[in-house]
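Two complexes come next, and they have one chain in common, subunit A, joined by subunit B in the first and subunit C in the second.
Here is the complex of A and B:
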């Protein structure tokens, strides 16, 4: 049997982890489609129902990119909220367009039993064993945590580098190393290298720099293209940027129930798939002296709209400004920059006044 | 002391029931439950222009119309009752989710009206955490100071009442499929089609045009859930599944479908697409309601849809 050519929608830096997993665990070729561009989004939007949330359109566009790049097998993650239902509609739309491919929609296998995922993945590699899957799975999660932690480090400091692009160059080299990693050893080596490299980049950072916390809807918050590289834009103004939301933090590191305890004064229940983590992070930023919070989401994102009244209360209680941004395929870069600059000016003046 | 005196002291207590979202599903159960434990209820009444404006003012702009109306109803009840009931429902089981807005509703309301001094009563149903409807009602009863026994009895009585009334409604609705004439299924969430300001006028207008509107949401729910998987195997929202399954069950008996959604609606944004694709060539009209929607525009669209259907019934277009 010839090797399958597997692809996954573009999603932040996480495709590097999927690539590793597919190549090492499933004995298949991974097709890494080109980075997302406006063209991807437009193609996705053209074939999507109008009022679906933006990540649906972006994912559809990047699946088309993958098919054009030679993929014959597409994997759709299972998921919370509308995301868990994306796959079925994506498949229909792509088939109606005439594409031929094998579609592995993990939502169809999400019975809660890991065994069923194994069944799904055996469609790619019939010889896959549970033990092998577990081992490569664990390595992949390591890579994921390293990517998230390194990115967090990056946005905290890149705005203060002395030599232009020092951080960016190092970060790109690290990503390239992760893209070609073949083993846990490669992963760990790249990670030690980047930690070392980051710490030797000269920076000039004031003792009390401006600090902004970014919270928001999962996909838009972690996918740079989808948020117009907002974190880079703010960091470049000379701001330390923090973002709690990441696959590592949301899905692996923290226990939702325990985060919920810290935000009892604002809400009794889990309000939506990412609400607890976001409210917790917003309160954390507010109570730790941050200068501002930016809430980002794709337009009409139900769960994130619903936490806005909570964020407004946090903002009032801690007297911290919150900027609310919605993204869709119409969002313009200039409009966004204007709003970010105004926000930056406000928090800078407030800080100077303190 | 003890439970008994507690109950006595609660005699005068009134529970406010906002007439939006869950009310359409729960009115019988709630009203009989509270009557069963001896509490009074107060309803916010039919939606009107004022409720719409009250809700619009205190909502986040991008919130769906149904939730805006709901907040309007809650706001009109503030200060008029001891508690306002705002349930939270997350899921009924695997692949039986609610739109996330129902998971956030209680906290959304509490945060929106934080400074009002109003007390809110929750009723939390979440299958994943083993919180069933019954346990939610019992807990709610206990929170109001009643014994478990009293709350349980009231719930069982209310549930019986609810089931009986549902059977009657279902029989009436199903009789419509046997009538002669052009039959149109209205596929909409119950709270939209039962809304006096937005939904009911649509059914009334269809009737005035000589059509027979039939509600997809009043259906054999169990069967509908099953049938929905034939249309869409991974569909996960309980109420959308009921509606789509109901369309599937009756597709041979009807002449067209009118989809009515609130703007912007997460689940409907996706299921409307599925319906249009799956039920073709059955004519489908899609209406999206928002705060700006006026009757005139909707009536014109319903009229031309009625024209198409009657033309087709006579054998016109199909040939």
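Here is the complex of A and C:
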């Protein structure tokens, strides 16, 4: 049997981890589609219901990109919100368009028993052993944690670099190393290289820089294209940008019940896939003297709409401004820049007055 | 004799273009207010001409210029402004300079509306309408055309109403169909006009003002603040007095003039832009599938600036 050509929707930089996993664990070829662009979004929007959230459209567009690039097996992630239902719709839409492919919808295997995920993966590699899966799985999670960790450091410092693009060049090189990694050794080597490289970039950072915390809907907060590279835009104004939401923090190291304890004054139970994490992060930023919080979501994202009143309470209690932004396929860059610039001016003038 | 310093500020909105020249003490030396009429370059030229006529060139020299409003970048390039800033910051700075004790600034313009919360003369929180222009000046002016009334008379007529019609305010499109329905039912014109004013105020408070603590003193500005009907509806809804400055429409221009003055960089401004020919051209980059639309601005046939590219690949450099 020939090797399967596997693809996954574009989602931040996490495709690099999936690539590693597919290539090393599943004995298959991974198709890495081009980066998300306006064309991807438009292609996705053309075949999507108009009122559905932007991540649905982006994912559909990037699945089409993958099929055009030669993929024959598509994997769709599971999710606790409407995302859990999206795989089924994506498959139907793509089949109606006439594409031929195998579709592995992980939502169908989300039964609470991890063993069932093994069944899904065996569709790609019938000879997959649990031991091999466990080993490569652990390596992949290492890579994922390193990616998130490096990205977090990037956005904390890139706004203060002395030479233009120093950080960006290093970060791109690190991503390229992760893309070509073939073993845990490669991953660890690239990670220690980037740590070293980042720490030797000259920066000029004030003792008390402006700090902004970004919270919001999983996909839109994490995926740069989907939020119009909002973090880069604020960082470039000379701001330290923090974002708690990431696969590492939301999935690998997540313990909802324990985060809930710190926010019980604001809400007493989990309200959606990312509500506890976001409220916890917002309270954390507010109580740690951050200058502002930006809440981002795709338009009409119900779980995130639900946490907005809680953020308003945090904003009032800690006297910290919160900027609320919604993104859809029609969002204009100009409108976004106006709002970000005004937000930046406001927190800067406010800090100067203190 | 040394000439005294003056600063120019221009606020180019979707509907109207406003400009002021101020002295170092923020006193307004010249001001003008005209319609943009879909031609920000033409309107700005006309505005510069009006300002130049009022301006005392013998005693003052403009040493800094700034632009704000939705066409700030275009006009900023055109007049060579040293300060180009968003209208939210400009309005906050302009208003707090005249009303240092203000706590809430309500602003309803042609296409957008915003709320700015102020504490000790510094903006501490703001919100701006997203995705929808419901309840803005553009809505009022399109409805006034439907009713055959000049938008300037709208407020006066509204004040004559005893029982304003209830108009569904959540969305402009539904508000409009509700309005047509009420007209056909035979409601009196003034009741409909008053109902519309109420709809604008409610829509604003429910959308832009949602979750914000509105504390007095409240200043209301932007083109719609000239409408006495909306002012009275807003007062009723908030249950407190509202201050409408007679120069309320100039706050953005005033703010950006102050910011230009504060910027500290001195750049003498003459009115030559008034007579130059400006052209804009849109090019699609085509170097990647993003296909960014790049706007190029030419002064007398020479490229002076361009923007709209997402990355370096689409950067077009001005001829030196």
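Following the convention adopted for this analysis, the second predicted complex is superposed on the first by the 354 of 354 C-alpha atoms of A that agree within 3 Å, B and C clash if a C-alpha of one lies under 4 Å from a C-alpha of the other, contacts with A are read in each partner's own complex, and residues count from 1 in each chain.
The rule is simple: contacts are C-beta pairs under 8 Å (C-beta built on N, C-alpha and C of every residue); 3 or more make two chains touch, one makes a residue touch a chain.
All values reported here derive from a predicted model rather than from experimental measurement.
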item	value
Fit-or-clash call for subunit B and subunit C when the two complexes are aligned on subunit A	fit
Which of subunit B and subunit C A:326 touches, first, second, both or neither	both
Partner chain(s) touched by A:37 [first = subunit B, second = subunit C, both, neither]	second
Partner chain(s) touched by A:53 [first = subunit B, second = subunit C, both, neither]	first
Subunit B versus subunit C as contact partner of A:12, first or second or both or neither	neither
Computed vertex angle (subunit A) for partners subunit B and subunit C, CA, steps of 10°	80
Contacts of A:216 with subunit B and subunit C, given as first, second, both or neither	neither
Greater subunit A contact set [subunit C / subunit B]	B
Partner chain in contact with A:87 - subunit B first, subunit C second, else both or neither	first
Partner chain in contact with A:350 - subunit B first, subunit C second, else both or neither	second
First (subunit B), second (subunit C), both or neither touched by A:308	both
Partner chain in contact with A:299 - subunit B first, subunit C second, else both or neither	both
Per-pair minimum CA distance [subunit C against subunit B, superposed on A] in Å	5
Touching both subunit B and subunit C, residues of subunit A	299, 308-309, 312, 326
Subunit A partner contacts - residues on subunit C that touch it in the complex	70, 85-89, 92, 120, 122-128, 130-131, 211, 213, 288-291, 310
Contacting residues of subunit A [partner subunit B, same complex]	49-53, 56, 81-82, 84-85, 87-89, 92, 96, 105, 107-108, 111-112, 266-273, 275, 299-300, 302-303, 305-310, 312-313, 326
Contacting residues of subunit A [partner subunit C, same complex]	34, 37-40, 299, 308-309, 312, 315-316, 319, 321-322, 324-326, 328, 330, 333-335, 337-339, 341-343, 345-346, 349-350, 353
Contacting residues of subunit B [partner subunit A, same complex]	60, 62-64, 88, 90, 94, 99-101, 103-104, 106-108, 110-112, 114, 122, 124, 232-236, 263-267, 269-270, 272-274, 277, 288
